[in-house]
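Below you'll find a set of structures to go through.
Two complexes, one shared chain (chain A), two partners (chain B, chain C).
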Partner chain A sequence: MRALALIRHYCSVAICCARLTIQEQLEYPFLAICWFFIIPIEYLTSVGLLKVIINTFNNLEGWSFPQLTFAYSLALLSRGVVDVFFIQLLYLGDMVLYGELDRMMLRPLSVFFQFTAQNINFIGLVNMIPAIVIFLYSCKEVSFLWTAANIAKIILTVIGGVLIRISFFMIIGTVCFWTKSNNQGVELGIKLLERSTMYPLSIYPFFIQFILTFILPLGFICFYPSCEFLNKNDGFVIPLGLSIWTPAIGVLLFYIAQRFLKYGLKHYESTGS
Partner chain B sequence: MHPYGYISKMKIISVLTYRLDVLISFVSNAVMMFAMAFLWKSAYGAAETAAGVSSRQMITYAVLSVLLSAFFQINVENNINHKIQEGLIAVELCKPVNLLMCYLAEDIGNVIGSLLVKAIPSYLFALLLFREVFTPDLTRIILFVVSCILSYGILWTLSAITGLSVFWFINLGHLGTVKDGIVRILSGSLVPFWFFPSYIQKVSGWLPFQYTYQTPLGIYIGQTAIKQAFRDLAVQAVWMLIFSAVLYKLWEKAKNKVVIQGG
Partner chain C sequence: MKAQAREVILMPLIEAENLVKVFKVAKRKQGLTGAVINLFHPEYMIIRAVDGISFTIDKGEIVGFIGPNGAGKSTTIKMMCGILNPTSGWVKINGLSPQKNRKAVVSKLGVVFGQRTQLYWDLRLGESFELAKRIYKVDNEVYNMNLKAMDDILKIGELIDIPVRQLSLGQRMRGELAMAMIHSPSVLFLDEPSIGLDAEAKYAVREFIKSINEKMGTTVILTTHDLNEVEQLCRRLIVLNKGRIIEDASLSVITDKIISRRILIIDLDEDVNDIDHPAAQVVKKEGLRVWMQFQRSKITAAQLVSDLSRKLKIRDISIQEPDIEEVIREVYKGTAQ
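After this line comes the complex of A and B, so read on.
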């Protein structure tokens, strides 16, 4: 009974927060319209540029255009989820610096829940549309088999990708507890994510592939899973069906990131603001 | 010291002060240089040339494009947005200086600082790391530098025009990001227009964007003949003048349109 009441309480808070954020976002229709254009433009250009490159050179390390868009759209799906629910992770550093996180810790609710619920980016939902369109297009082109096992694998991959992405930003945000400056680090993180998911890892030399596989496992967001779906033997050969590794690594990274965040909070000295 | 010169100097000093920023942006540039250089390297594969550009030229193009974007520091848009949001614009307008010139001086300081601590070290790093990256002869280097200055003029005036729209919209929001996205695609900074179908090349020739990145880089890598280079420089100058005129007109209007939101 108590558990049920607790869940109901959490739901009511989430709904209330959602209502507030929708109202806030609709307050600036101009901003909403801008968002409406930015992401589709960004996605379609990246795809368009890949197309131009493939038209000139036929393939990229043996990857055809549909195969490239398949991998890229897999990354876009996990990015879409992150943009809707966790976009505020990009500002984790700012929240710490301005004391916002301290306030959350004083409230009788889980900090992670508050953090997720306080800013649901509804406009971000629109960004899922181009991602899904590109994904469905490339599924058709690479003749992807819609079996139950494959669908489950795709879902697991997306969840794993989301976990890898949010852990990555959590770690960057935590580093800022010490450095007291955030923006440049987040920008670097965004660039790294973009560049390691847009093209196959096999274009990079061995040591970069090594880093993106074993040290910063960003290759698991889309490269290794799509290698498996498309039957390619690129990059490092990893046993046991690659798509299984993505959620596993996601969970592991998320655990590490959370421990790191807690450690950071413990050693956090206020900036005085 | 002249007030604008002083503003530039202060900005240079402030760029040099944030050492961690410098370090992170160095790493950031390195990531982008690696990504773009290896993308073109593997795209060319065994092929020597494509669309009349050799792989060596294209890798140089990609690396320098990253450096240019690190060095074209433009903050005027955010500056105006911030000043209006916070109501600081009222005080600023009372100062006995031309506000736009102040912002320009600040950005130029930023450019010089970035050139010293970000772009030049990254360039040396690239020369060491990628054997393909080359330095052309002196004529081309001079033309490249002139072209870069004109490019900066185009980008800055465009950005200032976007910034001034805040006087009417009150909140700039993501308009700047939309503009940056469009510039990034249409400037040829990622993939130059030589690889595009000819009708797109024609359309782009009539737009100002390709004259911001593709023109200076084309001169540097030797894709643009010297004669053509002079013509391109003239087109750049024309675009810069057009945007400056628009900016001047808008600024005259904007000054009478100030809305102070309490601050």
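After this line comes the complex of A and C, so read on.
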């Protein structure tokens, strides 16, 4: 009964926040329109780039155009979810530096909930459409089997990908407490995510493959799951079904990122800025 | 059962015991060489922003925290409302630690930081109130009652449909104060609420504090540099300097303790040269008006006037009390030594 009341309370706040965010975004309609066009163009040009590469080289380390598109669209799906719910993570460093988290601590709600709820990016929802279209197109091209098991695996992969992405930005944001500048770190992070999800990991030297597998496991966002779905033996050979690793690593990384963030906040507090 | 009930009544609303907050601040060396050295061998200074303070505050009090910049006022407030963790010592509000029971404690607190906004910048003021209503689970009846009360005190009705970004600083502060009262908090923390406001807006803030304290029994903790505000609002002052409490008493007690000298101003009928008195000194003379300083511990004003009137023709007298600015300056100086 108490849990139910709690859920109702959080829902009512989340709905109110969502309404206010839409109203806020409507205050700047031009900006909304810009995003509405820019993101789909970005997605489509990236796929176009893959096409050009394949036309030039025939294939990329044994990956055909539909296979590359499949892997990339898998990454776009998790990116879409992150853009809708967690886009403000990009400004985590700045928010802490400007005391936004202080404000959240003064309210009788979970800070993480407030952080997520205060900015639901509805424009991002529209951007999910090109991601889904590209994904469905590539599924057809690689003759993806729509079995229940495969659908469940896709969902788990997307959830895992989301967790890896948000953990990654939480870690970057936390590092910013020390460096005191948020923007360069975040920009670097966005580029790294884009580069490591657009091309198969196997085109990179061993050293970078190793980092993207075991240290910053961005390879699990789409490369390793795609290897499994497409029956490829590429990159590091990892036991068990590869798509199972993505959510597992996502949860683990999220746990580490949260601990790291807490540690960072504590350190930040003790510098008294 | 009875004993327990009594205990609850006697328990102070806010208790702080030996609160300490230590910050580690990086020291920067001068010039390019210094910058390189900082990179590889950073040096830190330990700053005790709050250095072992204890106090209790009862329900219904208005307490002013004053002190120079960097005295530890804001740090103390932030520890009281759960934003900062004390390095050592503890603070309790209504018997609960704001660090351990953050949600329970903050649901009864209202907080306004003069330099930071709680409002949705792009939306009409009323939307922010709506959100607060949901966050604090305020039911419609109480919400409307509080809005009505805030309209009486702060004239919030005329602002409620204006986007926050178009409000003047003074209007926005009225909005912030009203927002902080939506959930009828039992304690209201105001960190420099009148910073940057004009006289009229400052007056509105002052009237607001007075009336919520009287009508709703809200306990108010206030930090400010505006000593007029302190003088008119606070029955009790906690003076901080360098992280320590140097005075905790009512304004009149502090005034008496710090400055016992008074100035007697006399208007004479005719110019005289011999106006000396063994227990008082002439500090200024302008035409027929004379300023004489005396120590209250040595002579009373009445005695001084009666002594002087024996040899002088006095037309009028008045006594100048030290103003609060002077008191505070003395207090700060006292600890600097």
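Throughout what follows, the second predicted complex is superposed on the first by the 268 of 273 C-alpha atoms of A that agree within 3 Å, B and C clash if a C-alpha of one lies under 4 Å from a C-alpha of the other, contacts with A are read in each partner's own complex, and residues count from 1 in each chain.
Note that a contact is a pair of C-beta atoms (placed from the backbone, for glycine too) under 8 Å apart; a residue touches a chain by one contact, two chains touch by 3 or more.
All values reported here derive from a predicted model rather than from experimental measurement.
Engineer: Report for A:T56: first if it touches chain B alone, second if chain C alone, otherwise both or neither.
Structural biologist: first
Engineer: Looking at the overlay, what does A:D102 touch: chain B (first), chain C (second), both, or neither?
Structural biologist: So A:D102 only meets chain C here.
Engineer: Under the stated touch criterion, which partner chain does A:E187 make contact with: chain B (first), chain C (second), both, or neither?
Structural biologist: Only chain B is touched by A:E187; chain C is not.
Engineer: With both complexes overlaid on chain A, does A:E141 touch chain B (first), chain C (second), both or neither?
Structural biologist: neither
Engineer: By the touch definition at the top of the document, which applies to A:I38: first (chain B), second (chain C), both, or neither?
Structural biologist: first
Engineer: For the three-chain arrangement built by superposition, which of chain B and chain C touches the greater number of chain A residues?
Structural biologist: Counting contacted residues of chain A, the larger count belongs to B.
Engineer: Would you sort A:F30 into first (chain B), second (chain C), both or neither based on which partner it touches?
Structural biologist: first
Engineer: Between chain B and chain C, whom does A:E228 touch in the aligned arrangement: first, second, both, or neither?
Structural biologist: It touches nothing on chain B or chain C.
Engineer: Contacts for A:C16 in the overlay, against chain B (first) and chain C (second): which applies, first, second, both or neither?
Structural biologist: The answer is second: A:C16 touches chain C but not chain B.
Engineer: Give me the intersection of chain A's contacts with chain B and its contacts with chain C, in residue numbers.
Structural biologist: 28
Engineer: Looking at the complex, which residues from chain B come into contact with chain A?
Structural biologist: 18, 20-21, 24-25, 27-28, 31-32, 34-35, 38-39, 41-45, 47, 50-51, 169, 171, 173-175, 177-178, 181-182, 184-185, 190-191, 195-196
Engineer: For a test of understanding, state which residues of chain A touch chain C in their complex under the given definition.
Structural biologist: Residue list for chain A touching chain C: 9, 12-13, 16-17, 20, 23-24, 27-28, 99, 102-103, 105-109, 266, 269-272.
Engineer: Quick one: in the complex, what on chain C touches chain A?
Structural biologist: 22-26, 47, 49, 75, 78, 81-85, 102-104, 106-107, 109, 111, 116, 118, 120, 122-123, 127, 130-131, 134-137, 163
Engineer: Over in the complex, which chain A residues touch chain B? Could you list them?
Structural biologist: Residues 28, 30-31, 34-35, 37-38, 41-42, 45, 49, 52-53, 55-57, 60-61, 179, 181, 184-185, 187-188, 191-192, 195, 199, 202-205, 208.
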